[in-house]
Amino acid sequence: MYITDETIDRLIREDIPYLDLTTHILNIRERKGTIRFTSRQKAVISGTDIVARIFEKLGIRIINIIPSGTGVEAGEIFIEAQGTAQSLHMAWKVSINILEYCSGIATRTRTLVDSAKKINPKIEVVTTRKVFPGTKELSIKAILDGGALPHRLGLSETILIFKQHAVFLGGVDGLLGELEKIKERVCEKKVVVEVECREDAIKLCHARINALQFDKIPPEKLKEIVNDIRKINFGITLISTGGINAENIEAYAAAGVDVINTSSVYFGKPVDIGVEIKRVDL
Amino acid sequence: MYITDETIDRLIREDIPYLDLTTHILNIRERKGTIRFTSRQKAVISGTDIVARIFEKLGIRIINIIPSGTGVEAGEIFIEAQGTAQSLHMAWKVSINILEYCSGIATRTRTLVDSAKKINPKIEVVTTRKVFPGTKELSIKAILDGGALPHRLGLSETILIFKQHAVFLGGVDGLLGELEKIKERVCEKKVVVEVECREDAIKLCHARINALQFDKIPPEKLKEIVNDIRKINFGITLISTGGINAENIEAYAAAGVDVINTSSVYFGKPVDIGVEIKRVDL
Amino acid sequence: MYITDETIDRLIREDIPYLDLTTHILNIRERKGTIRFTSRQKAVISGTDIVARIFEKLGIRIINIIPSGTGVEAGEIFIEAQGTAQSLHMAWKVSINILEYCSGIATRTRTLVDSAKKINPKIEVVTTRKVFPGTKELSIKAILDGGALPHRLGLSETILIFKQHAVFLGGVDGLLGELEKIKERVCEKKVVVEVECREDAIKLCHARINALQFDKIPPEKLKEIVNDIRKINFGITLISTGGINAENIEAYAAAGVDVINTSSVYFGKPVDIGVEIKRVDL
Amino acid sequence: MYITDETIDRLIREDIPYLDLTTHILNIRERKGTIRFTSRQKAVISGTDIVARIFEKLGIRIINIIPSGTGVEAGEIFIEAQGTAQSLHMAWKVSINILEYCSGIATRTRTLVDSAKKINPKIEVVTTRKVFPGTKELSIKAILDGGALPHRLGLSETILIFKQHAVFLGGVDGLLGELEKIKERVCEKKVVVEVECREDAIKLCHARINALQFDKIPPEKLKEIVNDIRKINFGITLISTGGINAENIEAYAAAGVDVINTSSVYFGKPVDIGVEIKRVDL
Amino acid sequence: MYITDETIDRLIREDIPYLDLTTHILNIRERKGTIRFTSRQKAVISGTDIVARIFEKLGIRIINIIPSGTGVEAGEIFIEAQGTAQSLHMAWKVSINILEYCSGIATRTRTLVDSAKKINPKIEVVTTRKVFPGTKELSIKAILDGGALPHRLGLSETILIFKQHAVFLGGVDGLLGELEKIKERVCEKKVVVEVECREDAIKLCHARINALQFDKIPPEKLKEIVNDIRKINFGITLISTGGINAENIEAYAAAGVDVINTSSVYFGKPVDIGVEIKRVDL
Amino acid sequence: MYITDETIDRLIREDIPYLDLTTHILNIRERKGTIRFTSRQKAVISGTDIVARIFEKLGIRIINIIPSGTGVEAGEIFIEAQGTAQSLHMAWKVSINILEYCSGIATRTRTLVDSAKKINPKIEVVTTRKVFPGTKELSIKAILDGGALPHRLGLSETILIFKQHAVFLGGVDGLLGELEKIKERVCEKKVVVEVECREDAIKLCHARINALQFDKIPPEKLKEIVNDIRKINFGITLISTGGINAENIEAYAAAGVDVINTSSVYFGKPVDIGVEIKRVDL
């Protein structure tokens, strides 16, 4: 992923609008020290590349750092660096916040991916657009590090027809009348329709839709519908969405869909990361 | 809070880099509809003022909207508006994401504030700097809506001395030697020191520190230390931080501190909000 | 399409970094006038919505304006507005430049779309990523106004495998070995491969690729390949790209592909638009 | 020319909002390769310095690169660099687009400059404000590389009086009454008036205007007017503008003006540039 | 002058990164009040248009406001507006700072212009590039309001040759050898050379330079040189720069130059402006 | 202090929107030279770190540079660097402007700090929010370099109650009724109230306010009030503000306050700095 300098600067600036008043007042700015980040839990660490960019901007020299997306055990040191007290204190909180939130997302993602693939190795886990607004770059980076893909990055490059669209066409039946034309218009892409019941799914499948997204259908019920659909069109892409999380993902993976779409990785506890700053006399 | 146009545009742009391809392809862009947001749970709704700004930019006319920070019951409609299918679909997801995340933070904040004040009506709940990077404006807005205040907005306007600072001065004892001078230098502000043990707290209290922040001290133990400290300096400001959440906040509030500092409101499940889009023929 | 205020301001600022020195020196700033834009040729006018935004920012009142994407005859007035001499002179050049370039693109697009659809009404015209860097918003807006769609808006949401990718996998044969796995991984999207010869196309078709993009294959030759491919997989999506323009598009449309992908609309003469400014005494 | 980091990042971001999905899915991101850019035609290459900035941001190491503004023959390799598959694919399209468009402008500019100077070595070719909005930095860079100068970079630093200004003063006669005062007010600059007929030119020349810009006057007619004007004021600056291009520039250069002002270099076919990406095993 | 929304927002944001903590804590945010700005001295008020933009963004309703550039007497109220306590407190300081600094510049400018024109009504006062970096928009706005013009807005549109340029050409004599060619190359503009002694001035005048800028030459001496120069070329533009201020401008104006170039208006005391905020019960 | 790349680029761009036309025309761009900055007066030089960033962006190699905040004697060279004529001319004016304005502020600040501390070594000098809008980063940097601290960086992190707040609470008496609650709400911070008379000061002191700010009270009178206040609450923080400058700061320092708050350092003459550019043949 490409992260602009403006993004890096904006992240730093959120925490340090001007000076670090405390190191200024303590008159310790130019003293030298080391900083070490340790995971207090088993986790997939995400965001080390962004922290490396922050360190570079603040003049902190990296001694060791693991690549973003690496798994660590509890107690493992994964970044070690050296700089002035001022630069270390400027970098500390913004870095740990990035690492804790991104690693939280990456870790939850890796767990979901592993659970789903254990049941069906061909299944894909993708993540919804329900990111905390303002964090799309970091959130997408983290789910990629965790092994998922984004379902849709925004509204501009994919076709996903919700009932909130169909309502302007007279509902699913109105949509069916337009479907052939729609498919021709965007034949470079798969046309996906979200459905909430078996009946609509069957109708759309008969109309040769490319992909169906099932919203909030319980796994058992979903399995039956998937079986029926596969009999009509074996190659159709089937996606399950709505309320899928670590508790129920195996059941959903067993339902026979090709894709699990989830928001649950985006929120939850950040990974607990410890920071140690020590003085060094150089 | 003042939110710039650039922020509003950046939020919209995260979800709509160019067009809404689906409404474009369905050829429904100019059809007229209404949008209604309903909370599926009891919650403190936060972010309606930002949604109002988004609606205005997209040409959506607001019919009803509640002020940011208002409590709602499950099932309550809190925004109703009217626009073209294109504008409603552009506004939908970014708006619901803002509302769900901000309301999640505001609701958790209100709960903590209520819990703490039930025990000690004079106590204040403040929130740490551990926001998801990129969301400080939204996160701070949400905790204000929930009834808390920010502990520190960044590094530039407050003095909070951690052991990671003291290490450059020879530890707490080194710090004690500088304390009088530090207090003079920033006498317009309170000088806060974070401590992890009773011994350091007592030393700093004798040295007439303005405020002490206790990190991760269990409530029972904290209560004892607070009592001892108050005997030395009754008017000192005492803050408790580290791992405080809905489960343990009452115990911390009962420990006699003046301020509860927490990160736990920033993460957790977003509030579940429903959106209904209907066609209207005008 | 959603255009941010920042984009509008940047466009204005390119031409007016500070003041309009000429109206300032002539001391005519507050005099009132009208501005009228006329097309000197038959054209599809694009960009009037952006000009409307510029006028609003500069305090110019619109009297008449046609929607972006409307066709006009030579001599037709399509915007008429009123403001101070200063605001009209600030708006003039940036507005005419937007209108001339966007309308040039939209007009060329409409011509290509009409030519292609005359031969095959089900064909789609899409446009490449070869925009003048810095103009993607305006360029995409203009091709949409002309009736095309973007082929890909960037690298982040579609799969298009070039030989420049395959080279890292050991060429097309290496790619074939990975194809099933790739298709599973992104089963929500069509996987497109660009080919330059019949042999690769046949191989990939047998491997059940979703879509093939033929680069710079002459129309007659292309027609033969398309026929052969359709016999293997009738439903495959076939795209023709490379050097397609107003002169040869009909031949390409007759070759049986589903999609024509072209860059030629992006460059060429801007539409010739006249501007008349008159003084009015109010 | 100074190009900001923000501009470089914006150009990259237009093509890569997040990841390069194709290299991600193919799992080839970290493989190493070389990229080579070759001109398929004789051209003046412009934009290599900007490509160098993009390469640096993406971690691509340059092996060979020619300075912006250098002429190349068909088939000449002018950039050679090395990086990961991911970085090369991220850089490829944005770089080639910059090079093709800028080199197109620079090549057309060089041709016009050479044609004009062959007739009159003292003549200057300048370019108008009719750039594609959003490209002023790149367009100006390219015309400088081609050997021209900008006529006016915007409205804030030069005086050019059009009839659209004069209309607020009662036309050319009204303007004449103000001319002495205007010249005094901006005596550090030349006051230029655009004229469309001999009569106005003569009047303004008698009024000691510094420079006249002749709009869309045929070369033969222009030559006569220029001769007449030079008899009145030999040192006046005379500019020809409006519809001047590669076909007619020699005739205009022969008309005796000091400056040729043209828009025609800004549009037209980009230079055809080939890119080769190869795998290397390091 | 055109001021972007981004500039307005940046100015507001400098003072209000998030909330106004004081009105928040006092719980007076929604109370209604009026704000009135009064000049405590005779002044040219500059910046009211920018304040109007700030007020609009903050929801403050203007009751009365004078146009930017208007002269006021001591004690005169020049803005009166109404809003909530929160909006008034957000607007207060940033508005008064803009008004005090801009009016300071405008007032000093008006004084210099009046002094110079009293001696020579045809003289022009222009201002240098020595603005406080970050304030060019506001500073240029203010000097225009005061009746001056900018000497040069930047490096990109004017030719001013310093000895720091000549040094690369072998000094003034080297420059003389290039002068004819330089003048041809930029014949749309006046070529200005800064000189520090009579000898260089005479040489350049004989070489038919368009304009000379005299740096830090005392008025009496300057007068003699001007006389000598005028005998050689009466129409040459002569500019005096370097240390010109309210004390010596009349002497410089009497020296016979056409233009006075000064930096002194940019710094000095801001105009003293009073603000009154009152509660109103609506 | 952390300065973003965007800030550095914006400063450069203010002076060089595109090219440096003069070096371009003189065709000296690639010649090599040195630049040396010399203070023409005894001063505290501020801004060298920012100039170093500008030089780096423009490819200028630094030979010698002093740290920002260093005192120099008249005639002392404090920056020496080497680059192309083009880069030196691009850097020259923006660098000298930053250095002259920042050093002006830093020098005036140092003078005030020294004067005040000579009278009372424990006193602190802080600076108000009355910066020239658009310069807060540079201005704050400069006052820190001069030895002062910012009084308040904005409205979001400190409590300062003006009469313009009290008016919404029924004046000082209304405020007194709320004071205990306000102090509890923000007990991590000192609550400061600005007063203009002895009577209000005494009332607030009795109500145990943390700090009082005295506005425009003459030093003799202030001394009396301070004495009275100290008798009631010895540890209260007392601040003097309003019209304090180099002439009267000693008298104010002698009045017994803890803090002197001043705006006077922000304006006044920039430090006079000389620049020498020489050609070198490498």
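Letters A, B, C, D, E and F mark the chains in the order given here, with residues in each chain numbered from 1 onward.
Just so we're on the same page, a residue touches a chain if its C-beta (ideal position, glycine included) is under 8 Å from a C-beta of that chain, and two chains touch if they have at least 3 such contacts.
No experiment lies behind these values; they were computed from the predicted model shown.
Asker: In terms of contact pairs by residue number, which of A-B, D-E or D-F shares over half with B-C?
Answerer: D-F
Asker: Determine, using the mean of C-alpha atoms as each chain's centre, which chain is farthest from subunit A.
Answerer: The chain lying farthest from subunit A is E.
Asker: How many angstrom lie between the centres of subunit B and subunit F, each centre taken as the mean Cα position?
Answerer: The separation of the two C-alpha centroids amounts to 31 Å.
Asker: Per the centroid of Cα atoms for each chain, what is the distance between subunit A and subunit F, given in Å?
Answerer: For subunit A versus subunit F, the centre distance works out to 44 Å.
Asker: Quick one: subunit A and subunit E, Cα centre-to-centre, how many Å?
Answerer: Centres of subunit A and subunit E (C-alpha means) sit 51 Å apart.
Asker: Give the residues of subunit D that touch two or more other chains, as numbers and ranges in rising order.
Answerer: Within subunit D, residues 5-6, 16-19, 21, 25, 90, 136-137, 149, 153-154, 156-158, 185-186 contact more than one other chain.
Asker: According to the definition of touch, which chains form touching pairs?
Answerer: A-B, A-C, A-D, A-F, B-C, B-E, B-F, C-D, C-E, D-E, D-F, E-F
Asker: Hey, which residues of subunit F end up touching subunit A in the complex?
Answerer: Within the complex, subunit F contacts subunit A at residues 1-2, 4-6, 136-137, 140, 144, 149-150, 153.
Asker: Quick check: in the complex, which residue numbers of subunit C touch subunit A?
Answerer: 122, 124, 126, 149, 151-154, 156-158, 184-190, 192, 211, 237, 239, 258-259
Asker: Would you mind writing out the residues of subunit C in touch with subunit D in their complex?
Answerer: Contact set of subunit C toward subunit D: 10-11, 14-23, 25-26, 28, 31, 33, 85, 88-90, 92-94, 97-98, 100-101, 104, 129-138, 154-161, 164-165, 167-169, 178, 182, 185-186, 267-270, 275, 277-279.
Asker: Using the touch definition from the top, list the residues of subunit F that touch subunit D in their complex.
Answerer: Touch residues, subunit F against subunit D: 5-6, 9, 12-13, 16-19, 21, 24-25, 58, 90.
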